[in-house]
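Next come the structures, one after another.
Below are two complexes that have subunit A in common, paired first with subunit B and then with subunit C.
Up next is the complex of A and B:
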């Protein structure tokens, strides 16, 4: 099975990539001026106190020793303790990650679910009113920053209409007792949905617009390919051509774009979390950088890198699944 | 002679582009009888592919059939007339889209495209694609269609057809893919196969194999062919009758031997002269001077007069139709007023030779300043 061999190889290739991310992040943090001890003790600190604190956090050791220790701990899933929160980094991440994953996952789901049919219909009705409308919407979508969309949505739906909450997220799996305004399972889901809707739209619009544009142009290109003309010449119905002969081929560039959108989504998550005051990974990473909380910066960056690498691997595997030529070299 | 299987009558196809109307096919007529292999020859851009695409109404926007009629086996595939408002419209006799798709495309007329590398869908197996079209056009069950696909692959010379059935197109060479496409066409058991330069993308030895294969299969199945090519060698090898196209028009129409030995049109003569032959050195090759003008702005009079060594002044004003100019059956037709069948003042008209050269230059520079 060439697909399985290919996927295995892709997963193994991710290991050196992650190792590289660890090394670069570690080097960058240490290259940046200042360190957490300076921040904790303020201006003109007591020299003895500096030495004590440095020894406490292991900052007195040479950088290669510290890097090696960090790697050894990381393999055991220990990312050290946050200096600011004085808690294990892993615990802090476990607390913040679900909100970010929920936000990113739902915005991607929204983007794909809306963009793929829009793009296909737009291509099928090229230069007709539906197509023009879709193109205008997607052009506006790719040119509008997500935080601005978020602010407008808050202004309209929370401030003026007052129908949707403007801040925070509610996890759909939270117990009903812990959620205000919900007494049943279903109630929790409704409240969670209400909270999620605006952030999801503001983060997902850009992706939706970008994917729609690619889906449309990719479908148009495939629809003029010889094998589609051949299917038409052999009496295949237009609907079957669209669904079977053209759709699968047209998804290759779309998959690439979805994979690349993951980076913009991570950046967008930081802004969206700020606008909607969601306690997620995005805000955690920003605040830990400004506090020079070394272990926490390392941990959050690594988690984002991990999410991204997983996304890229999934992209590559779906690529190979759609196009048999990709995994051809992995045949026995 | 019996009624032809395919009759194309005064077909006109135009492309409505932003730069203007391109008259890609401008009133061509030809027919194909049962079991016949009819060639359609001409330089790139002559309108050959557009002409054959029109037969199954596969012309895509911005192209449109704006005139003429195509009859197949007694049925009208398309008939376009010009209405009182000057707009072309399809007459009542034209077969509806759904019927054309279900009864004609694939079932009665199959097509083989030029580029075998692009004609198969890269994400589906070769066998699966073959099976789908057989299933659709012969009302077979999936299992029957699969068996037929394997046996057709064997028929066209694919080794180990059962094993290759599940392979993807990228695992086949160009020649093998073209064999698959021929198998696809034959497996649907059509009465007519349109072959649009099927060997152009292949190297010479593979081309020879494919031509042998087609001749052999045609003997056995009795399928008629329209064979589009720009290669006079291919024409000589396989065609029964030939239509020579230049700039959207048919300029000569003759049985293959007559075309080669009693050439009636200066363009055909020039085409034959430009084919390299082993008994001539390369220096003696005599290519046709100039390039074919654009179909968007064809020359006045005879369209070939700007490049014709025999052009006279009368040629700049008269655009001849394709008339019978020789004796024999099937008839030999040509569109050149030097023949007596045209009552034009050719012999009294002064030659254009020197002037033609000049006129050609002028039209070239004129074209540039227009831009």
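Up next is the complex of A and C:
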């Protein structure tokens, strides 16, 4: 019960933050020197055309009224119209968001699946060859730009070996008729997997390395705790200590890091999408900046922030769920 | 362990020696010396330190070549000595930005033995798509990476220090307002915030750098605030208050120096992050604009020449990797040295 109350409280706390995000983004975008109407109409525009367009995009009103209107529309999931596409921003984002979420979700799954065992083994065999290797790999992993990993993967697997595709991501839920080289549902999944593998590795390596480092140091800390030493003194087997006593308690810092890694993962997704030419949110924000399509820049920024905030809330809630010591803020 | 022993020795020796100079700096300086001696004993951290020093030297020399020589070339006196932009680079090699016909002539036709990308003695890593020497462009790219990475971090550090110190020292509504603001900025993913910043102010390396700096302010501010809050209650701060020292001086002379250790670690690591982010921005076309050489922008160009010249996409990435690994190794070493509790 209290967990539900805690979750609700956490969600409510996020509302002012998101409101602040909207305000900051709105201020930033409106600080831009060029005004979108000038960009659309070129150097010497017809005055009447300027007025019509300004009215169409609501630019003829003072900024606080525009902000209020933006908020009111935002609550109704209306983020205005994209200048370049001449279509609702929300429609554009809805079209692009799935690819980004698929990329990020899969890379996190890969990162967690690889990092947790690596970190545990590394801590268990501290200062042995396995540990040194893991530490080097994770150090290199956190220091490598994800887009370069992508380029190298493309060079090796697409150009040199020719085994995996470099572009044209296929969605696993696409109908078989729309996917080249697949005739059944299973076929689509296989093709989608082939396409997803390289971007997933490219984006996931950084997350994997960062989580491995935390997992290792957290395990080391727990393994030197008094209760673990007591268990050893009682002659409990090392495997049992690891599995029953140390592992669960070492996961709390790891959960926090997973949430915070979302911010780098989103940045990485922007670059990875560019490298692999995935039509996701990342490429959308990059291209709309180049086109000075401000409503779209604003919409994508807000959605990215929203994804991040939701991710952090989810990790907070799972933290509270895992750690019984977390007070839900009831009384004490 | 031996470390605890050398700890007390250093502390004792230094504090007696420097005691009469200025009281407030003693503690900080002892910490510094001790930390540096610890780092020197850690081969990984020291290796990272050496790489950073080497990169910094390269950055300074190439900056003199590219910026100072250009400035000096305006004056007749120096022109007599043949001083011009990229004088050094041109003497040893060809200019990293030159795109004239003679450099294109140096580009061998594709298909013969030393097609572009293949090394010759004159061009060890080959030439790029415009016939410019890749090794030289990598060397000149160091300048941008180090300079922009350090400056961006400095912006974040100074901004974060002001916000964090004020917020932590005064508490109350000032603290509330500043921290809510930091929290809000923090809620926008780092690269997205920088992109929004660039969208608003324009695509150039200056705005990219300022954007990265501003976007890292919340991180530093929160760290410094948490330190300041714990230092604020210390007795020497109360003593200074009782003695009538002004708030500004208490913050500058007592609170910040005593909160600085973890901030330094964070700053070192942040330089590495900033280098990666700015390389990414250049890769997207929002950072350094051609023809000025930078690693990120070279990677971006290399994408179109991956089949003709696979190694062209490898080298700039390796440069970023080595530099960032160095900053991370040094930062980790510093953290270990400053935190005796963890010994790994």
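Operating definition for what follows: the second predicted complex is superposed on the first by the 324 of 332 C-alpha atoms of A that agree within 3 Å, B and C clash if a C-alpha of one lies under 4 Å from a C-alpha of the other, contacts with A are read in each partner's own complex, and residues count from 1 in each chain.
Everything that follows uses one rule, which is that a residue touches a chain if its C-beta (ideal position, glycine included) is under 8 Å from a C-beta of that chain, and two chains touch if they have at least 3 such contacts.
None of the values given here were measured: they were computed from a predicted structure.
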Task: subunit A as common anchor, with subunit B and subunit C clashing or fitting - done: fit
Open item on the list: Tell me the contact category for A:262 with respect to subunit B and subunit C: first, second, both or neither.
Closed with: second
- [ ] Report for A:148: first if it touches subunit B alone, second if subunit C alone, otherwise both or neither.
- [x] second
Open item on the list: One more residue to check, A:183. First (subunit B), second (subunit C), both or neither?
Closed with: neither
Task: Per-residue contact with subunit A, leading partner among subunit C and subunit B - done: C
- [ ] Have a look at where A:73 lands relative to subunit B and subunit C in the superposition and call it first, second, both or neither.
- [x] neither
- [ ] Could you say whether A:8 touches subunit B, subunit C, both of them, or neither, answering first, second, both or neither?
- [x] neither
TODO: Measure off the angle at the C-alpha centre of subunit A toward the C-alpha centres of subunit B and subunit C in the combined model, and quote it in steps of 10°.
DONE: 70
Open item on the list: Let me test your reading of the model: by the given contact rule, A:24 touches which partner, first (subunit B), second (subunit C), both or neither?
Closed with: second
- [ ] Identify the partner contact of A:139: answer first if only subunit B is touched, second if only subunit C is, both if each is, neither if none is.
- [x] second
- [ ] Aligned on chain A, what is the least Cα gap between subunit B and subunit C? Give it in whole Å.
- [x] 5
Open item on the list: Which stretch or stretches of subunit C touch subunit A in the complex?
Closed with: 180-181, 183-185, 187-193, 195-203, 272, 276-277, 279-280, 283-286, 296, 299, 302-303, 306-307, 310, 313-314, 316-317, 320-321, 324-325, 327-329, 332, 342, 344
TODO: Enumerate the contact residues on subunit A facing subunit C in the complex.
DONE: 16-18, 20-21, 23-25, 28-29, 31-33, 126, 139-140, 142-145, 147-148, 151-152, 154-155, 159-160, 217, 220-221, 262-264, 266-267, 270-271, 274-275, 285-286, 289-290, 292, 294, 297-298, 300-301, 304-305, 308-309, 312
- [ ] Show which residues of subunit B lie in contact with subunit A when the two form their complex.
- [x] 56, 58, 60, 101-102, 104-107, 110-111, 113, 115, 118-123, 132-133, 136-137, 168, 170-171, 181, 184, 188
TODO: Quick one: which bits of subunit A touch subunit B in the complex? Just the residue numbers, please.
DONE: 224-227, 229-237, 245, 248-249, 322-325, 328
